[in-house]
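What follows are several structures.
Each of the next two complexes has subunit A plus one more chain, namely subunit B in the first and subunit C in the second.
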Partner chain A sequence: MWWVLLSSLRCIHYSPSSHPAPLCVPELGMFPELNNLLNTSPEGAEQGKLTLLCDAKTDGSFLVHHFLSFYLKANCKVCFVALVQSFSHYNIVGQKLGVSLTAARERGQLVVLEGLKSAVDVFFQPQEEPHPLQFLREANAGDLQLLYAFVRDALEPVDGGEAVWRCPVLLVDDLSALLSLGMGPVAVLDFVHYCRATVCREWKGNVVVLVHDSGDAEDEENDVLLNGLSHQSHLILRAEGLATGFCKDVHGQLRILWRRPLQPTAHRDRNLTYQYKIQDKSVSFFAKGMSPAVL
Partner chain B sequence: MAAAGTCGTGTRSTGSVVAAASTNNVTSFHRRGPRASGADSGCSRLVSIAGTRPSVRNGQLLVSTGLPALDQLLGGGLAVGTVLLIEEDKYNIYSPLLFKYFLAEGIVSGHALLVASAKEDPADILQKLPAPLIDDSYKKECDEDVCSHKTESDVKMKIAWRYQLLPKMEAGPVSSSRFGHYYDISKRIPQQLIETSKWHGFFLPEKISSTFNVEPCSLTSGYMKLLQFIQNIIYEEGFDGSNPQKKQKNILRIGIQNLGSPLWGDDICCTENCDTSHSLTKFLYILRGLLRTSLSACIITMPTHLIQNKAVIARVTNLSDTVVGLESFIGSEKETNPLYKDYHGLIHIRQIPRLNNLIYDISDVKDLAFKLKKKLFTIEYTLRSYGIRGQKYLLSGHLRKFAVKKKPYLRRLQTLKNIY
Partner chain C sequence: VTPSEGVRRGSGRILAMLESLLALGGLVLLRDSVEWEGRSLLKALVKKSALCGEQVHVLGCEVSEEEFREGFDSSINSRLVYHDLFRDPLSWSKPGKVLPGGPLEALKALDKRTGSGPVTIALDSLSWLLHHLPCPTLCQTLHALSHQDSCPGDTPPGEQVRVLGLLHEELHGLGPLGALSSLAQTEVTLSGTMGQASAHILYQRPRQRPTHQTQWFSILPDFSLKLQAEPLLESQPRSDPHTPSVDPTTHLTFNLHLSKKEREAKDNLTLPFQFSSEKQQALLRPGLGQATSHIFYEPDAYDDLDQEDPDDDLDV
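Moving on, here comes the complex of A and B:
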């Protein structure tokens, strides 16, 4: 019967030789294939960059896990503002990618603001000291000054001592949650601007933020935030769901856009598109239409 | 063939989930759900609470939603510490059923309940819960169905021939300590089950009359009081691990009905640009924070079809973990569509969370329809369009035998044969 033949054909294609082997050793963790696509490695990470992660119709949190483990491996001091999931979620995924967040936190490399847990503390009990999420108690959304102060205190380079960590990195997951909590888009843009001025320019560090793209939902505030950040960022990684709908073998499409290249001779605004499939411990990337399931 | 493939995964996931979990000692039994009681040190004791089971994939603690078919679609069950958002159907006929199944499952499993509503007294809601089906009565259900279609069972299947080879027995309920039970909607739950259960009710009209000194906040007072109530219960009953003397750990099942409707004091369903537009999203965020730090699971039904501002729906979806949408055919043009003749509506699984993992369990087939029979609420796969590969699949959770066909299915089979 022809459908039996079809099912047997499907079993044949899963041969590792059909897909180019990644250059990085798998034990390095993160997503070695994404490092290849971005032309970076933990040893030679660029500094002073704002990276914008964006997802539309799909879940782009795998990019957050990648950058978190990447910068921890690169021996950078990381301040992680985790607003949407608990710390243990990132920890467990991080272990699959080869980094231990609890160990990093203990040795002082990682500072985490757990949004969900802190929100409960702030909301139900009045705090004596100003808390980064203080705005949850107020009726009128103010600004994110206290959150910026938290980031600044966490990443401030220690004076006098030799540099233990390579560069400070701020990672925010995600900024759209701040809009849901009553912040205006301008306040969030101001916050990112302040962080860029301090972390990127002054301390030569990196900032990575995730914003959801609402797409058809016409979320004007979110669009303002997204457009504003797109113009400021050096690198945009955009994870999109496939236009044709759900597919088991190709989970989505990743668009990589380099803006403001540092070398004047490099191409202006290089733009690449890959399709990806997320697996248990890694993500595999391939050119459009070249999924192993299709070939 | 896709049919055989789906069928295979179906039987694998029902029949041998427990077996797989027990053999897979390396991953599933050595990791505990991180939402459980405060212990951030990542201790690896297996928490054995009645009515829960660890997920096969990542050891996450799961509870049943009350509908084994829905459990299967959600990857085994609802994770403890997460929110299940049900987008109500247009006339709010079928979403209360899912709500009641969730609560009834809590009573049968011995979990504590917290029922919040602005429309109905929680005591009344509990009285109307469906009665659990014990083994004999469920088998009788199936036999009745079989007898009425006995005459057609001899017809050999020509296209879906693989299904004929399947065993004719179904996986029915075994005992009350099982994960996931079946319920009879036509009967009420026995009174003694409600009396022996531990439940807390939040009825908004009662709570709002008492004066409450609270500082002005952008949350509407109804949401504010509900959050205070939930936090109070979690703290006092020790669901967040604050009371270490408690010997027996238990799950708190929270059910919130019609959240976002004007009865809660929120005008998000009335106008497009309302003053309290952030109230609902803030509420969901803080609720999620409460759930993540305690042993609880929450079901919320929300009339999203009434929300004027589409951006709010997108934000609410992002702030919830699992989102299931119900679309009933009443009054829509799909009612006359011959494909949907047997069904009452479509069920859309809009979002499933990726917890502690990069990947998540998701069923391949996206076209799911539900049907409310006299006693049961069933979910089945359906097709959007006829095609060469057109087949009718049935979920093994409510495994109606593939060999037993109803008349319309046979008719469809005949038409497919003619197309061939």
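Moving on, here comes the complex of A and C:
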């Protein structure tokens, strides 16, 4: 209950003019450099992939903003399950990247489940239909079937009509919040399993999820979730804080791991590591130890 | 060992690894991790069984049928029966295609396979089954599946049942891992170093001591296995070929290089405290035109100026 009250407070206090900036990470922008590292572009994005974003000792939400703007620019239909921040927060960041989430939502390209607002509705509004976050009300929440149903209805390709959007994309920020809300790791894994089966396999779309890595804090459930997802993912992007602590010029390290290549022994670099610095509208990447500030 | 002998021995060992994994029958446990995945080895074993003429039943929970069949040619695919638990294992779908009994029944149904002859059952993956079934139930069902008759002599070798189970190590605690380990006749743990995969194999033959073996291998795109030699331990890690070799001395605000003239001037400079022969000569001989030095002293008022040498009365 306390989480719901907290979220309702956040909704009340929020107003566009007094948007609280994230504490340590400045506002972000679209990252052509990250596209280069991943060998991808909005025009030539791969399909049918599960991408796992994780962060350890740092804030990896810049990756979420990147993929959100990336897939909107790639003309994909996006279903965004936003459990951690309000819609306006993502909108403001998105504008720096050059996409307008409000416009995308109005033209039907973007469907957003605003977790913070919807959670309040579950408790204080009469529910005629089952709500995707229904599990908040239930004492023994079994599974995330209703959330999956929401995603499926949002992204289902319209029969008979011509394909307006390129491919469906599901973006979740973030799955660790579901663990905090009382779901077991197997339930969350099942939810991602069904999303993968439907969105990736059946509809040839993509799924991008963010999970926090507890690191030293022993969180067995989070570890099961993280490892289970790692086994299923095609691409893992891991943002880590520097082992030596906070640094003004190097905000962290990004590890890129390609898994499940089509060929078991494909000569593709499976594991790359770069360091990065987040700036106002972009993120610059460089090889380890090669930050311009330290040369 | 001549090169040709080595090759022949090597190819003998290639067959030996897959065959020996399949030879014991019963449960073959493949333990993999995020870094060293085991599905390729599972598919290699499936391919080997199919090539030996066996029927292969795959209980697929983690990947779709198309993805599992990818890389196999038609002769193998025709012997492969895929039981799909990937698309809708928990009956969430809209049309409500109910899988009667859920995963457990699907697993038990494999026991009632039709047809005679040796059968290989591949479980992809045991981790998924462990997450959705209680561990004792799963162990009992596995035992029934892979159970060989109490008198091994009764069952002709052709009727052996092999169960290949893929297990993701990090997802389970020691209890379930230990339970499955004790059920297995052969246990393969995948790891590796420096990009080279290795398999640590533990054979538990009945009434014999367990034997260990470590093989370095790689799996080719057509899912055949290739043995590798053990990689030599290098003292330094290989430099990442994708790291651009950037010269740190470019784009600096200060100059690190010397021009020729500057270098000559530097070499010709004598340092002030360096004792060279020229300096020695200059000190020994007063230079031409160098005035002798005088000391000018203004005595103070209370000074006692005595021209005598104060040491004169010393009797030295």
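In this text, the second predicted complex is superposed on the first by the 259 of 295 C-alpha atoms of A that agree within 3 Å, B and C clash if a C-alpha of one lies under 4 Å from a C-alpha of the other, contacts with A are read in each partner's own complex, and residues count from 1 in each chain.
Following the convention adopted for this analysis, a residue touches a chain if its C-beta (ideal position, glycine included) is under 8 Å from a C-beta of that chain, and two chains touch if they have at least 3 such contacts.
What you see is a predicted model; the values in this text were computed from it and never measured.
Student: Should the pairing of subunit B and subunit C on subunit A count as a clash or a fit in the superposition?
Tutor: fit
Student: Applying the document's definition of touching, compare subunit B and subunit C: which contacts more of subunit A?
Tutor: Touched residues of subunit A are more numerous for B.
Student: So, A:L113: does it touch subunit B (first), subunit C (second), both, or neither?
Tutor: neither
Student: Should A:M290 be classified as contacting the first partner (subunit B), the second (subunit C), both, or neither?
Tutor: second
Student: Quick check on the superposed pair: does A:R201 touch subunit B, subunit C, both, or neither? Answer first, second, both or neither.
Tutor: The answer is second: A:R201 touches subunit C but not subunit B.
Student: Of the two partner chains, subunit B (first) and subunit C (second), which one does A:L147 touch, if any: first, second, both, or neither?
Tutor: So A:L147 meets neither subunit B nor subunit C here.
Student: Where does A:V186 make contact in the superposed view: on subunit B (first), on subunit C (second), on both, or on neither?
Tutor: second
Student: Which value in Å is the smallest Cα separation between subunit B and subunit C when the structures are fitted on chain A?
Tutor: The answer is 17 Å, the least C-alpha separation in the overlay.
Student: Quick check on my understanding: which residues of subunit A belong to both its subunit B contact set and its subunit C contact set?
Tutor: In subunit A, nothing is touched by subunit B and also by subunit C.
Student: Quick one: which bits of subunit C touch subunit A in the complex? Just the residue numbers, please.
Tutor: That would be residues 34, 37, 40, 62, 64, 66-67, 70-71, 86-90, 92, 94, 127, 131-132, 168, 170-171, 195, 218-221, 223, 240-244, 246, 248, 251-252 of subunit C.
Student: Quick check: in the complex, which residue numbers of subunit A touch subunit B?
Tutor: Per the touch definition, subunit A meets subunit B at residues 3-4, 6-7, 59, 61-62, 65, 84, 86-89, 91-93, 96, 102, 115-117, 119-120, 123-124, 136-141, 176-177, 179-182, 212, 214, 216-222, 245-246, 248, 278-281, 283.
Student: Quick one: in the complex, what on subunit B touches subunit A?
Tutor: 1, 4-5, 31, 34-35, 40, 42, 58, 215-218, 227-228, 231, 278, 281-282, 284-286, 288-290, 292-293, 310-311, 313-315, 318-319, 354-359, 362, 364, 366, 389
Student: Which of the residues in subunit A end up touching subunit C in this complex?
Tutor: 143, 145, 148-149, 152, 186, 189-190, 193-194, 197, 201-202, 223-224, 227-228, 230-232, 259-260, 262-265, 269-270, 272-273, 287-288, 290, 295
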